[in-house]
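I have a structure I would like to understand better, so I am pasting it below and will then ask my questions one at a time.
Should a chain be cited, it is by its letter among A, B and C, assigned in written order, with residues numbered from 1 in that chain.
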Amino acid sequence: MNGDFNSGFREAARIAIEDVGLIRSVETATGRFRLGREAALAELPEADAMRDHFKQIRAATLSNLKNHLQTFEANARTAGVQVHFALDAEAACAIILDLARKRGATLAAKSKSMTTEEIHLNPALEAGGIRPVETDLGEWIVQLAGEAPAHIIAPAINKTKEQVADLFREESGDEILAEIPALTAQARRRLRETFLQAGIGISGGNMAVAETGSVVLVTNEGNGRMVTSLPPVHVAVLGIEKIVPTWAEAGVWLSLLARSATGQPLSIYTSIITGPKQDADIDGPEEVHVVFLDNGRSKLLGTKYEEVLQCIRCGACLNVCPVYRSAGGHAYRGETGPPSPYSGPIGAVVTPLLFGLADHKQLPQASSLCGACLDVCPVRIDLPRMLVDLRRDSVEAGLDGAGTAVVTRLAARAFGSERMLGLAARLARFGRRFVGGDLPRPAKRSFREIRREKRS
Amino acid sequence: MPPHALLVTCLVDQVLPEIGVATARLLERTGHTAEFPEAQTCCGQPFFNSGYHAEAVRLAKRTIETFEPYETVVLPSGSCAAMIRVEYPHLFHDDPAWRPRAKALAAKTFELSEFLIRFDLLPIPRTGSADNPPPFAFAQGRIRPFAHSPATYHDSCHMCRLLGLRDEPRSILEKTGVAINEMAEPDRCCGFGGTFSLKMPEVSAAMTREKLRQASETGAAILVTADPGCLMQMRRFADEAGVRVEHLAVVLEERTR
Amino acid sequence: MKRPEKPEYGFATVFETLSETIFPAPAALPAPWTSRRRFPDPVARFREALEAAHGEVRVVETLDEALSEVAELLEEIGAEVVVADSEAPLERFSLGAGRQVARVSTHNADPEAWRDLCARADAGVTSAEALLAETGSLVVSSGPGRSRLVSLLPPVHIAVVPAERIETDLFTWLAARSGRWPANTVLVSGPSKTGDIEQTLSVGVHGPKRLVAILYD
């Protein structure tokens, strides 16, 4: 059992644990978000009832997903939005590349989107001769560093200001002070040029409102507004599950999203985009496109894993997870390859479901099943239950190490009778050093032996 | 119906028997001596959590059969109590024969501190008897009782999140005169997670070390837990942190001696 | 599932997948959530919430006073170029000699020039169609005489809003609003900020560094 995992999550976690600076940063950030969330929900009247209500909304929406997507498409079209559906990552990238090429865009301004990470959009754009520039400050930092984001909400959680200054110096050739006001000013200056010159703006979307064909996008920095207002074309990429039937439900979603993520009642900018610029508008994009991404989501509908699609990507589960806080976001990865865009408890569940259990078999094991995630999830997604279900799927698929499966089944056999239990314990006491030093050391006399002696 | 049964748990039976002895004595002192049905082995939780569903079901059935004849079942373990109370009904949800039997057992299963409060058994009468040799004869040769106060209390995950038992163990400790200095995060997972500690030992150890660091910051004399799994895990790194870890039942037994 | 050759897969293909899934009878949506907030003094709540997000709030009695506040502010920041939406109550304010207030309506013909102006401006002045007390938010929409860039590009955003436009929260606002949605509506809940570097707050990343809401009766 001990030697089962020598790559993937366990190995990446082992390395991350040694990085004291990284773990300290993760603790500071997650601590702030945790306290913020607690305070925000304590101040929100009937927060628990609202979460229950939200769960009903999400469950009901998914049970009728096709109709809501159809409604969105019709209403969006009326508002002048072009709606596309992409079966997988390749399809999504092809659609977006095509849109950029049609407009002759060579520079793409990107606002933070986990979905575009998921489809590996940036490499596809680059291969197509289009330069993508991330404009969310944390995303820009990790883009310059050539790394994956380390947290759903705080992508550069692991970077010090000195590291950021180095990256910015390299990017611009300018001399920059390693102080946060100077770094922020530099980012404002450099990225302002990107916003003004980009031929296409690509964003994610927090939700799509079927009632009016609108996309809602929240940011604190304002880059979401820039990307969706300045370039002549705006493309929003959303998972098919990020849909809400009407504005009544959207209000609940917005009331819980920022509060669960950082503790803010709302993000600084909540942008509601309903189509391209209207006739009397002086500014705004000429074209607005929404690309809905499937990429494995629809096959979860109607299964015991459908619940995972209720996630609104707030990051609250990351902030409480003792495993995430000990190992950081980059540990959440497959047996080979780069980290998953989705880390923490939600990542441990959604990554194997979307991208394959066999290739990500350690992720469901990367949890002590403490349940803190379920406690804080605004949609009350039962992640611990799904982790156990994934482990069951793993065992049934033979993904547990052969040695582990044999030993576990033998142990179960031994536990099946009190006599065999005693025998197994005696054997274990003897053979412990051969199996692995981590197994518990049986007592010289078991409780039942003591009890029997007392009786006699 | 024979009244009470003691489900010691497989860990206590084979690895930490002193917890079972202490629990039995506490129940005796309150006038609710519990029987120990010898057929008990394991509630099945480690197998369930690891995805060995069939094995877990077999062990659950065995547990249900063993304890069916009793009025109540008491355990010195929050996580095993949670397995029976919360998980057994789910395990047999689609089994019309076993579902009512699982629910019946769940309805009468109690973690120790919960049992003591629920059945209004406090304060626990002190025993003056010299007949009861102290449990430390069975543990690592400790001669003198240890200081109990101030203590810091670790909320084990399933006990606090699935069973909602946070106040019960604390109030019992306080009623026996133990002051509690709270950790920054008393309910932060200790890192055991059953097979998690075997499969992901480095992350598990990092989690345990953080828990013990928080415990030592409280200046408490002991770190108390109501879960043998957590106890075992925390003891592995306790020496290097300079923290002493004890089970709730053992502490209570010593304080009411 | 056969994959079509063209890059654009279209509506039908994804829904082939969806209809292959077994859908149990769709569950009903719960009845809409209604606001649970009752603020005895909504303006006070608005102020508290926006100030917590590092915004500034001034409450005055008349429109004239509000416009004076604007003039004082612009003086204080030494604004030389100011852009403004063309809507009442903003049509009336002006600055002293040597200062330029450029308005949307006079630039409709040349959006490029307008964009440059906004990028150079020291301050942008708008109104708001509503105020949300609970979250300290201003509802700013696109439309005739309004520019998205006025409240976005300059480092200072000043909003002049009649206090009567205050709503309790998102729920009451959404229930009250009607008509076609504009191309863009933003709920502005503070000046631009980030904590992305070392979790340290930094105000004024891409959007305005300073947000001043001036409410008048």
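The rule is short, and it goes like this: a residue touches a chain if its C-beta (ideal position, glycine included) is under 8 Å from a C-beta of that chain, and two chains touch if they have at least 3 such contacts.
These numbers were taken from a predicted model, which means no experiment stands behind them.
Common partners of subunit A and subunit B, by the touch rule above, are absent.
Distance from subunit C peaks, on a Cα-centroid basis, for B.
Between the Cα centres of subunit A and subunit B there is a gap of 35 Å.
If each chain is reduced to the centroid of its CA atoms, subunit A and subunit C end up 28 Å from each other.
Distance between chain centres (mean CA atoms), subunit B to subunit C: 55 Å. Touching of two or more other chains is recorded for no residue of subunit A. Residue positions of subunit C touching 2 or more other chains: none. Residues of subunit B in contact with at least two other chains: none. For subunit B in complex with subunit A, the residues that touch the partner chain are 8, 10-17, 20-21, 24, 36, 38-42, 44, 47-53, 55, 58-59, 62, 138, 157-158, 161-162, 187-189, 191-204, 206-207, 210, 232. For subunit A in complex with subunit B, the residues that touch the partner chain are 1-2, 4-5, 9-10, 13-14, 17, 322-323, 326-327, 365-372, 374-375, 388, 390-396, 400, 408-409, 412, 415-418, 421, 425, 436, 438-443, 445-448, 450-451. Subunit A makes touch with subunit C in their complex at residues 25, 28-29, 32, 45-46, 50, 53, 56-57, 59-61, 63-67, 69, 73, 79, 83-87, 91, 94-95, 97-98, 135-138, 141, 154-157, 159-161, 164, 180-181, 183-184, 187-188, 191-192, 195-196, 212, 214, 220-223, 225-226, 228-230, 240, 245-252, 254-255, 264-278, 280-284, 292, 294, 298-299, 301-302.
The touching residues of subunit C, when paired with subunit A in their complex, are 3, 7-11, 13-15, 17-19, 21-30, 32-33, 36-37, 49, 53, 104, 107-108, 111, 114-115, 119, 134-137, 142-149, 152, 169-171, 174, 181-200, 202, 204-208.
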